[in-house]
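Look for chain A in each of the two complexes below; its partner is chain B in the first and chain C in the second.
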Partner chain A sequence: MTASVALRRSGRQGLSNPRGRRGRVESLTGWAFVTPATVIIGLFGAAPIIWSLVLSFTNDNGLTSGSAFIGVRNYKALAHDPVVSQAIEHTVVYTALFVPGTMLVGLFLAVAMNRKIRFMWFYRTAAYATMAISTISEALVFIWLFDPSFGIVNYIFSLLHIPQQAFLNSPGEALYVIVVMTIWGWSGFAVVIYLAALQGIPQDLVEAAAIDGAGRWETFRRITLPLLSPASLFLAVWLTINALQLFDEVYLSTRGGPLGATTVLVYYLFEQAFQTNFNFGYASAIAYLLFIVILVVTAIQFRVGRRFTYYRS
Partner chain B sequence: MTVVPEAREMSTAGAVSGVRARTTMVRPRRRLPFSPWHLVLIPATIVLLFPFVWLIVTSIETPAEALRFPPDLTPHVIRLQNYPDALAAAPFGRFFLNSAVVAVTTVICNLVLCAAAGYAFARFRFLGRTALFIVMMATLMVPFQVTMIPQFIITKWLGVHLLAGAGIGHIGALIVPNAATAFGVFFLRQFFRTLPIEYEEAALVDGANRLAVLWRVVLPLSAPALATLAALTFLDSWNNFLWPLIAINSTAASTLPLGLATFQGAHSTEWTLLMAGNVMSLAPMMVVFLIAQRYFVRSVAATGLTGI
Partner chain C sequence: MGTYRLRQSPFGAPPARRLLCALAVIGVSALAACGSGSGATSGGSKSIQIWEGWTGAEAKAFAHLVAEYQATHPGVKVSSLFVNNDYTLQKVQTAVAGGNPPDIAYLYGSWAPNVAKLSGVVTLTNVVKRPSVNWNDFWVGERDVATVNGRVIGVPALVDNLAVVYNKALFAKAHLPLPGPNWTWPQFVADARKLTNPAIKQFGTAYVTPGSEDTVWHWEALLWAAGGQILNSSNTKAAFDSRAGLASLNTLRTMAVTDHSMYLDPTDSAYANLFNSGKIGMLVTGPWDLSGFPNVHYGVQIMPSFPGTNGGHQTISGPDNWVVFNNGASRVKTAEDFILWLTAPAQVKYFSLKTGDLPIRQSVGTTGFNAQMDAALPDVSTFTTNLGNVRQARPQIATYPQISQAIGTMVVSVLLGKSQPGPALAAAAAKVNQILAGSG
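Moving on to the complex of A and B:
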């Protein structure tokens, strides 16, 4: 019986003072259970957060063993580095196009797929399949589709009498091609999130609106869309966090080019840390800049999003 | 909208009959023998599937056909030789094996370590529990790029001084840092807290120890949560690119995404070869995904529903 009491106390009813013999035994058991995961997460997840902050105040270059504290010089250099400001601009433009684009595509497809008609399993599977493809496979296919000389997209353009484009070879277009390929790659994810949310909407609300004389569009705008707002907020935040960390597609398709036109923050960080040189100090400063950007953007999204988000419970 | 007057009449007749009447009255207005939504969904599906189709078409063309403009939409000769050629140019079998070993091991480690930690956080009282949990959750907010450089340094050190198989250049380097995740701990803790505590109490009264309770009572009740965590961890591990790019420097230890990227760098204009390699890289995951589609979809949906 005592075991049962101990378990009940520890489980549901908050924390009481873990002293006394029973408490100490439970403390030991508890630590035995959490230690393996704690070692891994502490070593590879928690400690590096502090470590890279420290690195960002040094001139560590990875190869030579000596590194010295140089104060905020890395951060000062960041502020004057023209590549950084360009990288921020590219990252922001990319995010501003990719996030709403993916959400609209996902919402449109999910609404179309939220009904019981024939072949629906096939339509849904087609959308879900984009989730199973890795970013590298996805980028490789799209480089071929958008190949300036032999790609099918330019062929379709020629049929429509649109002039031939250089796509990934053009500094003015490359980033937009990456937007298109990533929207395609994430559309399955957005569909899954929106479909799950749509299926959670109680039908009686929609029917009540129809009975009250609301048209389809009106019902969608005033009933469905507000009820989807938690899913929309989640997607906006999740997609933004991922968009700000864009790397794989850029690495495979353009390596930040042409003429630096697709150098986004993470790509520049990678270049500084592991490509041409091992500027661990400077790269860590870029990483912290990225971290702050993500924190600020996410905080703003939550703050603004809350106002437009409707929670039923 | 023409529905409006009908619907108004019905609202007086009561909700249930109103709905039924409305649907039956709308039907005669339809002129199409099928749902008009097909007209939206068919073009959308073509756009979604086209990259896959074109990928496969290119992978069985002759190199000359692939470089024809305007392109041949239907290849005249089916050239399966591209596949052996791609295999001769890069060891895709090896990449697949590496990816599979890394993903499966990572999943197993995560299930074991996160279940143990998640259970302790859900049910035990121990000194420092809250503080430890807060620190773990804080790591969830930090993007990988922030921890990447120290992770590289630690992994390098680990390989030189402690465990050669987990050092830079070995596939162990892809497993150990991801063997437990804060997300996994959090996710399972949340799930364990929803389980009725009475079963666990009964087992304890019967003299089982805590580990036996977790193994015999809690985990069998947690199959859906474990499957979700397994699916998400597997997808993450299988598609991971940035960390293998940094941590692996040989073909022999490459995973599929890394091997494919290297392959592309070496054969950037041989499109038939590249697409054959690409098909081989994505086919295994596609097959697994199609078979277990329901699990994957449910798992991904769970991130959205529990996320915020």
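Moving on to the complex of A and C:
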């Protein structure tokens, strides 16, 4: 939501900006409204963010009181930590599959549901239900679906004479199972966004295209897709930020394994801070590495996206 | 699901949600403040707070004991706060940093070396020496885990151990004699093979393979039974790259890789359901799982031994501790008094009978008591007597979690057929030596 608000702001600047006494009262009222929120966000949002930056330059372990300032040693260690580069690789592979996958599934379902047929309310609810189901239930269901011996996926494979797979027991496959799991979990979100955008597409444009002799595919490619581009940009940014922060599905299904095959950055951070080392300083440095990666990726997405995004005025 | 999940970090959360979170946090901390405030004022120093993670029958039994203590000790107020056991250390760390720790916290034994580093942890060495405590009545495995470098930092809160739970019906169907107390690992492997039937998806046994400490301690029991050690006596070098290490890993490998008689469970959750569904013949597990097997007639037997070694039927135990934190001398005294009362024989007996948890004191486990326990939970007393097979504890050093990780990787890589036991042992030992050298 943040993204769309920011994008629309330029359109609102033309509104009158009343000056004088009334203006001052209004601005005071405004401040009165935002101050509690600002203080709370500052205290519980900004302060921990700044504090973790400070921590990332220390050897704090959260146990003993007092920690030494060790400069950029944590960041230097990051560069030479083989697990960090593996975690980055896993995170990138995951993001590269999850984001387009979720968008495609979401777009397909949204287009399929953007019509007037019976029981549509049911299909829409069903699609959105993936959002309402808790991650733990989702993970448990997928653990059983993909169980190598008892899972339904391998059962279907056996019917189709496809060799049996080890799935979560295989270092080569576990990450892809998590991709499938999370695409399923997030597709409902993409459906809602795309469905809303689809319903905002003016029918006169579609009709005009039809009169000009455009077929269904042509209309979809030339009219619908470009008009969906703001929604696509929003989804790409939002899903990427979430993908880079993947944690719960990994924690609930594989604990980063087998043999580290699903250790993504946030999971490694968690392990460093709370599981093996109690190394808060190093974990904070990983968090900031991730923060910078997200910042850069998002900036690139907005910059590149702007070229392909079409806003109706 | 979706956007409203743990995955969200403060960086990604939209302001509105962050505000909601913040409000929630404020609400909670306000409540907490009320709680501790009233606790500190009413009755002055006689009020203590205890953090525990009991649920179900354990929560009820614990609440009963607290009420009983308050009734028999007028003026003392024990307020307990539920904290998920998995996160207590994190929360205690934060509370210690904030200068307001609980008076008593339930903390996993595996954390003990790190807990010992926390400021404000009260040393109980002299307290447990009091004759009324009868410290040696606690099992040696418990005492070892409550002690870090000779300093007692906790009082045992809960104890368990690993033994073999087997499905009697599956043994009968395979015409196999039930496991006896003198059985060996080769017998276990042979039984597992005969209990396996791929056609009906039935496995001889199972092993948890998330690579976590749960993976590791199962193997450590085998290592000890084979006569091996995890580290040398001064905890300065890995000692598991040995004949015993090889024997124990080969035993597991035979079942997982050669015989395919072992169901590998990377999620650490599926195996119990499968055993309860009659799909697994034998499980190496602890007493906590027994109540999850209502659908099968199971029996419990102590761990097998390795023939030709002096390891015997050793097992491993994972005791947890009550740890006292310093909030001033008088509150420490109140906390100590309460915890000593709570772990005295009468209370231990009550708690075990109500919950099925093993008694933390040796003197409680009499024949009559064991029969009472078995009436509620069949064969649980085998786990109680099996506490006598706990001869050693895991290394009590702060780097153990890292060592555990290296061993976990080793075990999983062998079980998944990714490496051979010999090279896997050597690689893990090298890694462990590196960890030990790094810690000084």
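Basically, the second predicted complex is superposed on the first by the 275 of 313 C-alpha atoms of A that agree within 3 Å, B and C clash if a C-alpha of one lies under 4 Å from a C-alpha of the other, contacts with A are read in each partner's own complex, and residues count from 1 in each chain.
Everything that follows uses one rule, which is that a residue touches a chain if its C-beta (ideal position, glycine included) is under 8 Å from a C-beta of that chain, and two chains touch if they have at least 3 such contacts.
Please read these numbers as outputs of a predicted model, since none were measured by experiment.
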| item | value |
| --- | --- |
| Clash or fit (per the criteria above) of chain B with chain C on chain A | clash |
| Partner chain in contact with A:T135 - chain B first, chain C second, else both or neither | both |
| Touching partner for A:A126 - first (chain B), second (chain C), both, neither | first |
| Which of chain B and chain C A:S85 touches, first, second, both or neither | neither |
| Partner chain in contact with A:L233 - chain B first, chain C second, else both or neither | first |
| First, second, both or neither for A:A37, with chain B first and chain C second | both |
| Most chain A residues touched (candidates chain B, chain C) | B |
| Overlap of the chain B and chain C footprints on chain A, listed as residue numbers | 1, 37, 40-41, 43-45, 48-49, 62, 130-135, 138, 140, 144, 147, 149-150, 189, 241, 245, 247-248, 251, 266, 274, 287, 291, 294 |
| Residues on chain A engaged by chain B in the complex (per definition of touch) | 1, 3-4, 7-12, 15-16, 18, 23, 26-31, 33-34, 36-38, 40-49, 51-52, 55, 62, 108-109, 112-113, 115, 117-119, 122-123, 125-138, 140-142, 144-145, 147, 149-150, 152, 154-155, 158, 184, 187, 189, 192-193, 195-197, 200, 204, 207-208, 210-213, 215-216, 230-231, 233-235, 237-238, 241, 244-245, 247-248, 251-252, 266, 269-270, 273-274, 280, 283-284, 287-288, 290-291, 294-295 |
| Chain A-facing residues of chain C, complex | 1-3, 5-16, 18-19, 21-23, 25-26, 89-90, 93-94, 96-97, 114, 117-119, 201, 203, 209-212, 263-264, 266-270, 274, 279, 401-402, 404-405, 409, 412-413, 416, 418 |
| List of chain A residues in touch with chain C within their complex | 1-2, 37, 40-41, 43-45, 48-49, 61-65, 130-135, 138, 140, 143-144, 147-150, 166, 168-171, 174, 185-186, 188-189, 241-242, 245-248, 251, 253-260, 266, 274-278, 287, 291, 294 |
| Of all residues in chain B, those that touch chain A in their complex | 1, 3-4, 7-8, 10-11, 15, 18-19, 22, 34-35, 37-38, 40-41, 44-45, 48-49, 51-52, 54-55, 58, 66-71, 113-114, 116-117, 119-127, 129-130, 132, 135-136, 138-139, 141-154, 176-182, 184-185, 197, 200-201, 204-205, 210, 235, 238-239, 241-242, 245-246, 256-258, 260-261, 264, 271, 274-275, 278, 281-282, 285-286, 288-290, 293, 296-297, 300-301, 303-305, 307-308 |
